[in-house]
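Each of the next two complexes has subunit A plus one other chain: subunit B in the first, subunit C in the second.
Moving on, here comes the complex of A and B:
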C-alpha cells in the first residue's frame, strides 16, 4: 500500500501517516498518544474537517500525537494527505 | 518608527518554536521557510506556517516570513501561501538584483489585491548575502517602496567573499559599512546579521555595541537568550531619556500652539531631532511604537 507521512514525534507535534483507501471506503483514522484518551474526539473532528476542506473522501490515517495543538494537527493531516494524493487541493 | 532591535528566527517546520517564539518578546519574529527547512519538508513547513499565521498568537511582534530565494522554484508558492494571512512583511534571501525586487513587488500586489489586503501593506526586507548584493545595496533598497530594511549576510557572504569567520569579524567590516550607508541613504532600516555563537554573551554584546555605533537599528537572533542582551545595548541612557522627554514635550506644546519651530533649552530643534527623540523614548519603552 502506498503511504505518505508528515510531521514528527517531537513535543507539540504529531506524526501523521496517510495510506490509500479504495474509492467509496471513506475515511478511517487510528490514533495513538497520551492525549488520545482526553482529546481523541477533538482530534478526530479536526482531522475529518481538514480532509473535507481539501476534498479527500477516501483515505486511511494513522495519527501519533505528542501534544499537537489543533492547528498543528490540521497542518500535518493536510500535508500527509497531499503528499499521498498529490497536488494542491486548496 | 517601528522598533526592530531583535528579530528572532523560528524554524518553519517546528511547531514548538513557531508557537512559542513570541513569548521571548523579540521586536519581531521571522518564520523561516528557507535554510531552517530541509528540501524534503518545504511543503509541510509552508502548510504549518500558514496555519500558525492564521491562528497563532504573536503578541506585539512584527511578523515576517523568510521565503525561499527567487532563484528557487519555491518563492512564488511561498508568498501565495503566507501573504494572504496578512503578515507584516517578507524577508528575501540572497537578493542581488533590483529588478527581482520589482518583480516581487508586482507579485505581492497581485496577491494582496486578490486577498483584499491593502496593496503595499506587505513590507520587504532584503538579505544581501553575496558580494554583488552588497555592491548593489542602494539600488536594491530603493527598488520598491515596500522595502523597509536591508541586512548583510553572514556565512554565505563570507563564502562568497572567499574568506571565513575570524574572531574579530574583520572580513565583514566593509560589507556592514556599505549596507548601513546604503540603508540610510535609501531611508530604510539597517539590520544586522546573526551572532552565531549562542554561548558567547560577551561577544554578542561587543558586536551589538559596534553595529549600533555604526548606525544599525537591530540584529537578527537565533536564540531567545540573545534578545535581552541586544535590547540592553539598544536601551538609551537615563540622560538620553531625559533629553528626549524634553524634546518630545516641547514639540507637542509647539504643535498645540500651532508653532512650526520647537525650542529646547534655548536651542531650536528641527523635525529629525524630534523623530530621533521619539525613537529614544520608544527604545526605553516610554512611547508606543509608531509607523
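Moving on, here comes the complex of A and C:
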C-alpha cells in the first residue's frame, strides 16, 4: 500500500501517516498518544475538517500524537494527505 | 455526601476506608487525646546480638500475621530491593491480606502486581508512583489506595489512625545491635528521615542491611533502642537507582524563563533578606529558580539560614559556599548530598515528623520563607493537583507538597502553561491535592498570577517591571485558547484513591477509570 508521512514525534508535534483507501471507502482515522484521552474528539474533528477542506474523501490516517495543537495537527494532516495524493487539490 | 472546603463532593463513608472527615481548611482540624505507642519491652545483657539468619526468620520472629500492616521507607527509590524481597518472603510463608504502608513506591515495585493479584497485598496506604498506580486506577485493587503527605503520614501513625505491625527498615549500614545509618555502605542513601516514625511506633522493627559492621556503627541515625531484629542480605538495592549522579539545572529556554520569573518574584518579596530559608524540588524549573536566587544572594550579599527538603548537590554547593547556615535533609537525592551528610555537621538529617507533621510542637515547614513547587495542574482557585495525570490515572504521591505549601510564607507553583497539548492551568483541577488558600503564586511562561488574597505580594511584585503580572483567569483563558476544550475523563463511581489532607481529613477522592 502506498503511504506518505508528515510531522515528527517531537513534543507538541504529531506524526501523521496517510494510506490509500479505495474509492467510496471514506475516511478512517486511528489515533494514539498522551493527549488522546482528553482531546481525542477534538483531534478527530480537526483531521476530518482539514480533509474536507482539501477535498479528500477516501483515505486512511494514523495519527501518532505527542501533544500537537490544532494548528500543527491541521498542517500535518494536510501535508500527509497531499503527499499521498500528489499535487495541490485546492 | 458533603461538599468540603476545597469544593469537592465526597461521600460520608468510603468502602475500605471508613468514615470521612471532610477537609475544612488548612488550620481547622486539631488533635484530641494522647499519642499511641508500641508495647513496652525489656532487653538485658542476655541478648547482645539481634541478627537472624534470613528474612523469613525475621518475619516469623516479628509475629507478622495475615491481615497486618507492614511499613517501608523509600530512600532507596527506584533502586530498592527490600520491598519486593519482603513481600516475596511473605508470599512464601503464606502470609496474605497485608496492608502495605510505604512512604512511596516506584517503578521497580511493579513486581508487587502479582502479590496484589494473588491476595498477598490487600491494600496500599502510600503513594503509588507508576505501574501500581495505573493498576489501581483501572480497578485492580480491592481496597482504595490512601494517600498521605510526608507530614500527614507520621501524624497518622502517632495519632493511631494507622498502626504499624512490622516496620522493615532498609539500612545501608547496621551493626548487630540494631544501630542504623544511611550515610555509609555500598547502598548509602544519606538521610533515613522517613523511617524514623516507623522505627519509633511500629510494634516490631526489622532492619535489613547489606553492610553489617562492628558495634557501634558510625553516624547512627536510627538507634538500637528502636530496632528488634537485624537481617543481613546480599544486596538491599542497586546503587545506580538509589542516587542519581549530578543533578543538573535545565537548559530549556522556556523553563529557564519560568524560573527567572519565579526568582524575580522571590527577590521582590519581603522574604528576600538576611536569613532567608527555602526549599525547592529536584525538578528542572525548581532547581533553575534556585540557581537564579543563588546569583541574587551573591550579588546582594545575603546569607540564608537553611535549605530544606529533598537535598541535591545544588544545595550542598550553596552550603559550602556559605549561602546557607545549615541543610535540613529528609531525603538525599544525589551522590553529593549523600557524601555531604556523612561529613558535614551543618548538613543535618531530620525525620518526616520533624520536617512536616502538623500535629507536634512545631515542624520545620512552619519556618520556611519560600518554597518552589510543581504541579500537574492548578486552577482558578489556586488549587493544585500533583496526584493524577490528564487521563485521570493516579500516578503520583503527595510528597511534601501539602506540608510545605501550608508552612511557607511564600508558596510558588511553577509550570509551563501547556505540557504537550495538555493545559496546566485549568478551570477546576481534576484532583485537589493542595488547597488554593495556601498557594500564593502560579508562575508560567505566559505570566505570573498572584493569589488575590495576597495583596501585599501583588504590591511587592509591581515594584519589579520584569515580573509579568496577569490574573489566574488570564492564564486559564490563554491555555484554553491554545488547546481547545478537553473532553471529561470517563470514570466509574467506585473510589480507588483517597487523598487525605495533612491533618487526616479528606480533601479529594480518585475514581476508577472507565474501560475503553
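Following the convention adopted for this analysis, the second predicted complex is superposed on the first by the 90 of 90 C-alpha atoms of A that agree within 3 Å, B and C clash if a C-alpha of one lies under 4 Å from a C-alpha of the other, contacts with A are read in each partner's own complex, and residues count from 1 in each chain.
Just so it is clear, a residue touches a chain if its C-beta (ideal position, glycine included) is under 8 Å from a C-beta of that chain, and two chains touch if they have at least 3 such contacts.
Quick caveat: nothing in here was measured; it's all calculated off a predicted structure.
In the three-chain model built by superposing on subunit A, subunit B fits alongside subunit C with no clash. Looking at the shared chain after the overlay, A:75 reaches subunit B, while subunit C stays out of its contact range. Using the contact criterion defined above for the overlaid structures, shared-chain residue A:83 touches subunit B, although it does not reach subunit C. Once the two complexes are laid over each other on the shared chain, residue contacts for A:12 go to subunit B and to subunit C alike. Once chain A of one complex is fitted onto chain A of the other, the partner contacts of A:42 are limited to subunit C, with no touch recorded for subunit B. Here the apex is the CA centre of subunit A, and the angle it makes with the centres of subunit B and subunit C after alignment on chain A is 80°, in steps of 10.
Between subunit B and subunit C in the chain A overlay, the least Cα distance found is 7 Å.
Shared interface residues of subunit A, touching subunit B in one complex and subunit C in the other, are 11-12, 68-70. By the touch criterion given at the top, residues 14-16, 19, 43-44, 47-48, 50-52, 54-56 of subunit B touch subunit A in their complex. For subunit A in complex with subunit C, the touching residues are 11-12, 34-35, 37-42, 65-70.
Residues of subunit C that touch subunit A in their complex: 390-392, 418-422, 482-487, 489. Residue ranges on subunit A touching subunit B, taken from their complex, read 6-7, 10-13, 68-72, 74-76, 78-79, 82-83.
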